[in-house]
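Please read the structure below before turning to the comments.
To keep things simple, chains are lettered A, B and C as they appear, and every chain counts its residues starting from 1.
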Amino acid sequence: MTLRFDRRQFLMGSSALAAAIAAGVNPAWAQNALRLIFWGGQARADRTNGVIDLFEGAGNPGVESEFLSWNDYWPKLATQVAGGTAPDVIQMDYRFIVEYATRNAIAPLDDLVGDVLKLDDFDADQLEGGKVDGKLYGISLGANSVAMLVNKTAFEEAGIAVPDMSWTYETLKEIGEGFKAANIRGGMRGMSDGSGSEPMLDNWIRQRGKPLYTPEGKLGPSVEDMVEWFTMWNEMRDAGYITDAETTALDTGAPEVSMVALNKAAMIPSNSNQLVIHQSINPDVLTINSYPRIAPGVGGGHYRKPSMFFSVAGSSADKAAAAAFINFCITDPEAGKVLGVERGIPCSAAVRDAIAPTLDEQSQIALNFVANLGDLLGPLPSSPPNAAGEIDTSLLRVLSQEVAFGGRSAQDAGEFFVFEAEAILDRAAS
Amino acid sequence: MTTDAQGLTVVTGAESDPARRRRKRFLGIGAHVLLIAASIVMLYPLLWLLSASLKPQDQIFTSGIWPTLDWSIDSYFRGWNGLRTSFSVFFMNSFVIAALSVVGNLIACSMAAYAFARLRFKGRNFWFAMMLMTLMLPGQVTLIPQYVLFRDLGWINTVLPLVVPKFLAVDAFFIFLMVQFFRGIPRELDEAAMMDGCSAWRIFYKIMLPLSMPVLVTVAIFTFIWTWDDFFAPLIYLNRMQDYTVMLGLRTFVDSTGESDYGGLFAMSVLSIVPIFLFFLFFQRLLIEGIATTGMKR
Amino acid sequence: MAVRGMEAASQGVATGNSIWSRAWQNHAPGYLFLLPWFIGFFGLTVGPIITSFYLSFTDFDLLTPAEWVGVDNYVRMFTNDRSFAASMRVTFFFVLFSVPLKLAFALGVAVLLNRGMKGLPLYRALFYLPSLLGASVAIAILWRQIFAADGLVNDVLAIFGIQGPSWISNPNYSLWTLIILSIWQFGSPMIIFLAGLRQIPQDMYEAASLDGASKWRQFVKITLPLLTPVVFFNAIIQTIEAFKSFTPAFIISGGTGAPINSTLFYTLYLYNEAFSFFRMGYASALAWFLLVLIACFTAFSFLTSKYWVHYDD
């Protein structure tokens, strides 16, 4: 049978191939290069590789970089840390820095400040943001702030004025009324449903004088607060000012399914550095504004959040070299120009000045926005407790959906939120 | 008896009856209509994919299924070289891993299946149950221990963790599949061969394998396609971009926290289907060959 | 040389006539053929499995060493975990509906295609095409385009005057979109059925026709019985895979199981516990519970299979 003869040859050939590949095994960490891992798309990778080229060109050791999308990044990083093969420089997020720091997966950098890490003109609040229990674990790569993404073209179409930074939740209701009456684009609403948005809740509760999480890691809002929160959004939903339950549930977190991208709402809660992203998939003109005030003149809800950090792995063989690379990224003006504001507004004043003339329009808008928050700025909150991520994704969001679909009353949701959040916090603390 | 277009023998004993013939043709047309309608339903998502790959980025989500007037194949070029490493590298990597996996599975799983299906040895049922058990545990929880194991072997950052297990019959799915097929082959053949003095090996090589062409082809097709489509194992074990596979490359196109290149994603997704589709087309012809009837008289 | 050894062993060439050598001769071929599997099992598989079992009794956050907590994980699972109950409901519902429907489509289309009609290879490839898309990120986007409030399905329904909900984002219907996704990818069991159908010797049909049996009778008396090993295989495998189903829910709900946990498949829940909330110990307990569940189901299936599965040996 002819097939048998071919199979034998194929077998021999492929065994040889396998042997060749095995012989070519050359583990990456046998060399002296630094390893870097970060999340992002090709745009960020291009910029990062540009900085690496500059770094290596200045006579420094090589850097091997690897990047993944956000969803893939965390399981891979966790696997590498568990297996002891984590890269030297790790991009870290505000949400997880406490988890990684308290478990020594990333190293404290205080000893390296001064000689390797030159942080003299670094924004103080950004520096604080990278500290856990008083020690510095991450260097902020840029500041951003929460911002309302606004579809200017849609506002013009509906004949409603785009709000400015003085707007309040009352203004929001008026805008909602306006869009409902205008009925453009198949029933576009004023805004998406913000009841499940942790940043909005955080901003709202801070304006009322409480933090979302106390410095001791306890829950800030009370049952009354939460009931009021859910009730407020219920009223807006029932009145047709915000997107309804089914429509809101289409948003699974990716930019292409945001309410603005799907033309269901004219505004969505977002971040200052995401204007560029949303604009790239939308033919309309977008801009950003602040989150609404709870009443005229009340501020203090916003803060400049470190968008992401570079940290050094606890298992890194050469922490000083890793820190030197980080230092280059945040203090070198040429590196700053390459990175732009893609990761956030640079925290070094000198770098900010150097790059300002080179920014494109959306980046300029983001830069100006963060710089001019004025009385909207409040103090930086303490680092969120370990279970904050879980409370956000599996409690707040799920509850908000249950309420929106009518499965729970606002009263019930408010009580349950506090009860369950405290249980989650207790469990994580033990 | 007549032979139809496929070269298959078609039973035509009662074809002389015109009423029957008419009903047969009607059924034939009905079946075709049904199949065509079903095909459209099956294919709609893929047509959408194709059309989206031809649109400019900001129109992908806002316009309907049909390509717009300013359609272009820009996305294909951009996507191919969009990541610093060209997709040709990714395709090569995927192909090597998939091809090696096919070889490994064919050899190792057929051997194991033969043992379970035909040979008697102590503990056979116990080991069979163990083999099936490996199918039932969700992979997420053996991920870390396996990672540590491969790290100790020094295989991280190579394709070895992806390929070597195939040569060690780790895919219980295929063992089970082949066991079921081997058990469908009449034992009389084995017994006849044994009486002629054939060893187990010869029976395996000369009788079982040739008669199992349909299932072997099936194993080859599935192994190729599933290793091609797998992203989790390559994600965990490959660190350098030049080692990435196609599926891994596709996942870096879309990042929810940054700018994504959807046009490029769709274009490369379309291209990534091409090799596996071709593989399938080529090998499915072997599925047509039924069992040779010589020696099969009952 | 292993080959020659096996040949010698099974030919009973006198290598000594003691009980041991005879036992070796009888059992050797089995063990030798299983050798690769044994190496794989003991070298690569069993270690991680035992480790994961151990981990299920610990508190393991991936970043620091595991801490022993005894049966706490299991106790919590059954007494204090809303999401566990929710994910069990979702998963059972999914298995109950997707598996029979998928098998029915696969068998039906395979039988249809086995007739040897014109255009067979093309149809076969077309029906298999959806399964090639597998875990592609593009699937999530596609499915939304079809099942959202303004998607294709509702456009078609509108022709008949029905106004459909947003299937994919309504907790009452979202699971069905995933069931449909699973059924849409029926290509794999279909191919296996086709291979099984192909293995049935044609002369049996010839003989039956000569005896005057109708096509339907042939199907019931020849095809189905001879196909039972393959039906059994597909049923078991599809059920196991349905219980373990992860990727569709992962990519379509963005890993959240939204809306309101209506697509929180058991393994998705497990994955989040392990990698999003750093509770790998608890996730291991969840995994082992699933394994026990599936094992019971499979054992039951094997035990009852002797009543309806018809092997030729």
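Simple rule for what comes next: contacts are C-beta pairs under 8 Å (C-beta built on N, C-alpha and C of every residue); 3 or more make two chains touch, one makes a residue touch a chain.
Keep in mind the model is a prediction, meaning the values are calculated, not measured.
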Connecting every touching chain pair, does the picture come out as line, ring, star, complete or other?
complete
Please tell me whether A-C or B-C has the greater number of C-beta pairs in contact.
B-C
Need the CA-centroid distance for the pair chain A / chain B, whole Å please.
38
Where the CA atoms of chain A average out and where those of chain C average out, how many Å apart are those spots?
37
If you average the CA atoms of chain B and of chain C, how far apart do the two points sit, in angstrom?
14
Multi-partner residues of chain B (at least 2 other chains):
107, 144, 167, 251, 253-254, 256, 262
Residue ranges of chain C touching at least 2 other chains are 62, 141, 254, 275
Mind pulling the chain A residues that touch 2 or more other chains?
71, 75, 79, 82, 253-254, 256
Taking the complex as given, what residues does chain A use to touch chain C?
71, 74-75, 78-79, 81-82, 99-100, 103-105, 186, 245-250, 252-254, 256-257, 387, 389-390, 393-394, 397-398, 401-402, 405, 407
Chain C partner contacts - residues on chain B that touch it in the complex
1, 4-6, 8-11, 13-14, 28, 31-32, 35, 38-39, 42-46, 48-49, 65, 107-108, 111-112, 114-122, 124, 127, 130-138, 140-142, 144-146, 149, 165, 167-170, 173, 175-177, 180-181, 183-187, 197, 199-202, 204, 214-215, 217-218, 221-222, 225-226, 229-231, 247, 250-251, 253-254, 256, 262, 265-266, 269, 272-273, 276-277, 280-281, 284-285, 287-291, 293, 296-297
Considering only the defined contacts, which chain B positions touch chain A in the complex?
57-62, 82-84, 96, 99-100, 103, 107, 143-144, 147-148, 151, 154-160, 163, 167, 210, 235-236, 239-241, 251-262
List the residues on chain A that touch chain B in their complex, please.
1, 4, 10-11, 14, 17-18, 21-22, 25, 27-28, 35, 39-46, 49, 64, 66-72, 75-76, 79, 82-85, 253-256, 261-263, 274, 276-277, 280-283, 342
Residues of chain C defined as touching chain A within the complex
61-64, 83, 140-141, 144, 148-150, 165-166, 168-171, 252-256, 258-261, 272, 275-278
